[in-house]
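Right after this note come the structures.
One chain, subunit A, appears in both complexes that follow, with subunit B as partner in the first and subunit C in the second.
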Partner chain A sequence: MLEQFSHFFSTLFALATSPTNLLVVFGASFVGIIFGSMPGLTATLGIALLTSLTYGFGPDVALLALLGLYVGAIYGGSYPAILINIPGTPAAAATALDGYPLTQKGQAGRALGLTTTASFIGTLIGLLFLVTLSPFIASMALQFTSWEFFLLALFGIVISGTLTSPGTVLKGWIAGLIGLFLATIGRDSLQYFPRYTAGFSELDAGLEIVPVLIGAFGIPQVIRVLSERRSLAEAPKLGRILPELSAITRNIKHIFRSSTIGVGVGSVPGIGEDIAGWVSYSTAKNASTPEQQKEFGKGSEAAIVSSETANNACIGGALIPLLTLGIPGSPPAAMLLGALLLHGITPGPSIEVDHPNFLLEVTAIMVLASFAMWANGMLLAKQVVKLLTIPAPLFIPVVGILCILGGYALGLSIFNLYILIPVGIAAYFLGEMDFPIAPMVIGLVLGGMADESLRRALMLSEGSFLPMFERPVAVILLVIIGCFIVNQIPAVRTRTTSFWAGLFSRLARKSPVV
Partner chain B sequence: MKKIILPALIMASVIATLAHAARPYPVRPITNTVVWSAGGGTDAVNRMIMAEMAKVLDTRINVVNKTGGIAGSIGMNSVLSKRPDGYNLVGISSSNVVAAVNGGWNERFDVWSPFIVGSSPDVISVNTDSPITSLQDLVAHQAQSQQAYKAGAGGTGGIHHLYLLELARVSGVDFQFVPYPGSAPSQTAAITGEVDVVITSMAEQAQLIRGGKLRPLAMLHPEPFELEGVGTIPSAFGLYPELAEHLPLSQAIGFAVHQNAPDDVKTKLGKAFEAAMQSPVVKQWARDNYYQLSGKHGEAARDEFAALESYFTWTLQGLGSNKFSPDKFGIPKP
Partner chain C sequence: MEQQSNAPSTVLTAGSAADAQQDFKVALVLLAVAVALLVHTLGFPMSGSYGGVDNQWFVSPALFPLLVCGLLVICSGMLLYKATRKQGFRGFGELRGWLGDWRNERIKDRWYVIGLLLVYVYVYIPSTDFYLASVVFLLSLTSRFYYPMVNGLSRSSTLHLVLALCLIAVKLNVNVSEDTHWLSINYDEDAIRYSDLSMLMALMCLLTLSVCFPQNKDRKRAVIQVLVVLLVPLLLVCTFNFLLYVPMPVEYGTVSDFLNYLVYDVLAFQ
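Then we have the complex of A and B:
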């Protein structure tokens, strides 16, 4: 153990003392933040492009660049989410719910400072899990068969109703169902049967998430700001960016809970940062007192801290099955696997034999990457907030063009725009009718997984639902889903709420400090 | 003002084009569009071989991924619609040959002139907790239990699925095929015990076998395989010589250029390809990643893809999973 520690610090020291390495990691992190903040440019795409560029470098430098970009891109998505209510990456979609209201109150700088620090802490906690618990977490990830994948997807869909204000719960469910319907478009992956493709071969692979995301969040915002001639935000106070220590300590329980959720979601193969943000947001809301819950959706500190901590902690989680089993835990991690293979490193159970201490080296690189992200973030946050001082009639058309370009840039396909624009217009009208958009996107992201996993599970069990109740992880998921659903029923909700309120007031009376 | 600018621009572009024409291919960067997703085998092979060829051709080669459609049809369609001047390559593998019969596009595969880098042999494995230790065991065990094995492999009609069908045909073992989105998830399913057996390539499975997560039963390849730290994995061809009728099927991972590209472009690419295949980097990479290098291009590679197209499409026709009959495209029976 001691030997490992000394190896870790000597690696970290060796990396951090080379100016070239520092330049690479800061540069990559900066590019990552830009990638993350531009709608349509995702972490996955960034890593794909950088893989070719770093081919000629040694594996150390290449990994510095790739991981620097990965961490930066997951964090960068929060910029447009907070500033203009358009998430730059799917991972930041949950951040927009409360980040943008803060901007509208003129607190953009504070929000960015807080999310930067939360992302930083989240990444580091994720790493701690990676180093200390990776064999255990990897074995947990192997508990996930088709049943668990189905239930996990179902859980994600069930939280749809909790992502809205209490008055529009039903509309949240409806939006979620629209998302589920959109997820059925394309050839089904088990029998190859075309569903709602209308003969377009471009639809065979289903709707691409990113154009739908840009359409659903970006276009309505552009239309709304321009048509209502309203400004994007209160004139931002260019105050302190670095959050006070008290803001961190106040949210420390959210940071720890969200990190654990992030690592857990990240380590399950196939789902990643986007889902981590949503699950963490919803859990934070459920764990809060009724007064705090009212803040959610109106600019809650706890909300943005939760979603941003979780999506960055997810990176460490996603690396666990990648490095120990060779199974990437998230889409960007899949790209990272390709890059590692290119450099002759095959991650998997025997990596410690082929490349001793590789896990520690990756961790050292990640620590450096998160420092680079934090430093870049602190420098950038102050500058990007100034964007809000540009008059909306000048700024928003540029955002509109960037949205369209981003949709096209993904796969350089004009067909993406045929998806983006109708989805955008539909989302605008849904929004006008008070339907929340987030559940629709979640439905689309998870619908395919729920559909395919359930049908594969039934195929394997020859039509029986019984195996679902025989697997421990599946039963735990079932119980959690049950609790969430029951908690949506108004009668139960008021009762639990009053229970908690009673408990809190009794506790308050007992402790003289409060 | 406008009247002057436009003719001047035209002149300039004509001169530029002429200057380009005077210099030999390649005068500008080449784009290679890989039709399978980033991080997969075809992607990795293409990125490596392109980096080596770029050195020989003395130009930059950008590798991009354009996935989706049917059997990579979106990426193939997009490259095919570009000018056949050799500046657009497409990264492909054998699984692309079923695009036409499934309605992805309306072309025979001979619109491409392929360059085959290589392939990795297929291996059938079970979970290490399984009582089955050999192919003989697998057959004997079923004779007792009378239950079909759940067999995982990536995508219906993919190369590993066809290997499974061949093994079922010659051995008489009853497999229930369970499709997964790719090789990696099917391997995970074998580790978690969701399926009983899995067929993927050695490149994809070696780490899991060496790490003690999967137990190899046999190579679906004529030769046995020596895996460091594990020992010799026998060939299924020893037990079932009939496998040789259709197997081995090459994964034929590589890239292609438009068949109508000028001859000098194809020659130039061919020379660069041959040089890259001889480079120590590629040889070392192939050894480390359990690939067998091929190096076929031109006529030989076209023949190989024609054979793959014929075998894949007609086998799928037999399964009834094609949208159109291979007859529609004039694909001969194997």
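Then we have the complex of A and C:
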């Protein structure tokens, strides 16, 4: 334990005393804030584009840049949400509800200062969970057999399909299945049989994950933002940004509760920062007194602190399944997985064996990234606000070129572009028809693992499915998957909803919130 | 939005008639594709021998794809059933229902951006200098959305159609003896020069149209547009080519050749 502490602090010290590292992390964090704050650009897209730029660097520098950008971008979404009532990223949607009314009251600087500090604390608490829970989960995952890995992949797709498509769950599942299908393209790993390659040798190794992800997240944004011709309101001038200590202590209970919610939501495969923000917002509202509840939607401090803390704490949560099981907890984490694989790092239960102390190093980088985010937020907020005046029709076409150049640069293959564009157009139309993209990405990332694990498990059991029911974790996963599916039957759904509603109202009556 | 995130998630949730029509179409397409894939997958080796190895059904490369395609058929079928119950089949034969209403500006813009992306990636990038291709792509988008020109859509679309046909013709004619197809990258220097020349002419036309026939005259916007369109691709090409050592798709493009000469021969950059 002591050795791990000393390794963590020595890594942090080494990172913080290297001017190059500081420049990279502060620069990446600032770029991340810009990505988050420009409506139309997202954290996932930022990581995707930076992946191509950091391809030639060592894994340490690449990780510094990618994680710095990730933290900055999730936080950056709050700028336009607060200043012009347009969330820069979906994660900041809940922030706009109360952030913009604060701006209208002339308190934009105060709102930004609060969200900056709340995001900073949220990220650090998320990291605390990451560093304490990950070794436990990783050691447990080392006991997993192929059955568990197959079911984990299925679990990720079912859960993310269900939660990201609240209107029609079928669409979420279909998106997940499309992702799984895309993962089967190429020669299969056991017998080297070509599947759906249509004679193209470029497809033998399967679809390159990063260009496909750039296509799935970047191209739809380009088409959508340009065709919707979004115009932005003018951002107001900022006053004092640094928040008073009393404002933080006043909201400390919201900060801690929202951090826990953020970590919990983030650790569920495929659902990300946006869901965390909304869940935390509604929980904060429900937990407030009737007088405080009236303030929600009119510029409540608790509201913006809750949503911003949760969406940044979600980062640590999303990294838990990513680093310990190889299952991304959110779309940006899926992109990060692609970047890690490109740099020869395969996240999963054996990561600590293959790369000793990797978790501690990631945590140290994230701590530095959080500080960089906070400092950038406090010192450069006024500069970021100026960037909001750049019209979308001017920068979105440049983003389109960056997507294409980035997709080509990874592997120097023009074939990547021939895949990227149809994937992007298909993702755009699927998005227009309310099909969520996150399950598709999760399916693409986990498909290979699911395919190999299923066949390996059946090979060991010589075609029998019975061993699956002899493993406790596999049975638990099966039960959860089954529950999620059965719960979509309207009669079952109505009963479970009324059961949970009754239970919560009884609990609320027993312990009223002060 | 809050309501949306908390909305009950059921397989059979009510939706509008337009949603049902859209769901019907997409479910039908998905079902057709899934069935076609399922049939194709049945041709994969199941339990015979492949590559000299005796196969068992449980190690077959078809096992997982069959599972996925089977589930896709079931889910698409359920979505189709759900949409049919809500009269989603109405308007199935109307082209407008599939492509959108062409009188709607948003639909026009959507297809314009998609068309430009397709022609940029499948025709321009493999045929010509990356810088020139990117400048034309950027200018086509900014002259529609940032500093719009009069009759921009029809003028720009016609120009791109002619340009794309020219580039494909150049590529196929110069390299006709080899097994080159229109998607492969141009390696023939003559073909690249002809393509670059065509691209440069198109660029000049587009630039003239954009600057001389704007919908609303705004000198500042015109200058910003020209600067962004010419400088940003240059910055990107230089960053990727000389700092990240990423060669451009067409290596012997006119601008790439000039930049290489400038950077390596004149400036002696190592």
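Quick notes
Here, the second predicted complex is superposed on the first by the 276 of 514 C-alpha atoms of A that agree within 3 Å, B and C clash if a C-alpha of one lies under 4 Å from a C-alpha of the other, contacts with A are read in each partner's own complex, and residues count from 1 in each chain.
One rule holds in what follows: a residue touches a chain if its C-beta (ideal position, glycine included) is under 8 Å from a C-beta of that chain, and two chains touch if they have at least 3 such contacts.
Small disclaimer: the values here were computed from a predicted structure and weren't measured.
Within the superposed three-chain model, A:Glu202 lies in touch with subunit B and out of touch with subunit C [touch as defined at top]. In the superposed pair of complexes, A:Phe181 makes contact with subunit C only, with no contact to subunit B.
Using the contact criterion defined above for the overlaid structures, shared-chain residue A:Ala14 touches neither subunit B nor subunit C, since it reaches no partner.
Contacts of A:Val486 after superposition: neither subunit B nor subunit C is touched. With both structures placed on the common chain, the touch criterion links A:Leu23 to neither subunit B nor subunit C. In the superposition on chain A, the chain among subunit B and subunit C reaching more residues of subunit A is C.
Contacts of A:Leu417 after superposition on the shared chain: subunit C is touched, whereas subunit B is not. When the two structures are aligned on the shared chain, A:Tyr55 is found in touch with subunit B and with subunit C. Contact with neither subunit B nor subunit C is seen for A:Ile252 once the two complexes are overlaid on the shared chain.
In the superposition on chain A, A:Pro269 makes contact with subunit B only, while subunit C stays out of contact range. Note: residues 55-56, 190-192, 412, 459 of subunit A belong to the subunit B contact set and to the subunit C contact set alike, using the contact criterion stated above. In the complex of the two chains, the subunit B residues touching subunit A come out as 37-40, 43-44, 47-48, 50-51, 62-70, 73-74, 77-78, 102-105, 150, 155-157, 178-181, 184-185, 187-189, 191-195, 206-208, 210-213, 229, 284-285, 288-289, 321. Of all residues in subunit A, only 53, 55-56, 93-94, 97, 162-163, 165-171, 173-174, 177-178, 180-181, 184, 188, 190-193, 195-196, 219, 222-223, 226-229, 275, 278-279, 281-282, 391, 393-394, 396-398, 400-402, 404-405, 408-409, 412, 414, 417-418, 420-421, 424-425, 428, 433-435, 447, 450-451, 454-455, 458-459, 462-463, 488-490, 493, 497 touch subunit C in the complex they form. Subunit A contributes residues 44, 47-48, 51-52, 55-56, 142-146, 187, 189-192, 201-202, 204-205, 208, 269-270, 325-328, 334-339, 341-342, 344, 346-351, 353, 411-413, 452, 456, 459-460 to its touches with subunit B in the complex.
Interface residues of subunit C facing subunit A in the complex, by the touch rule stated above, are 1-2, 4-13, 15, 19, 22-23, 26, 30, 37, 40-41, 44-45, 50-51, 53, 55-61, 63-65, 67-69, 71-72, 75-76, 78-79, 82, 106-107, 109-110, 113-114, 117-118, 120-122, 125-126, 134, 137-138, 141-142, 145-146, 183, 185, 224-225, 228, 232-233, 236, 240, 244-247, 249.
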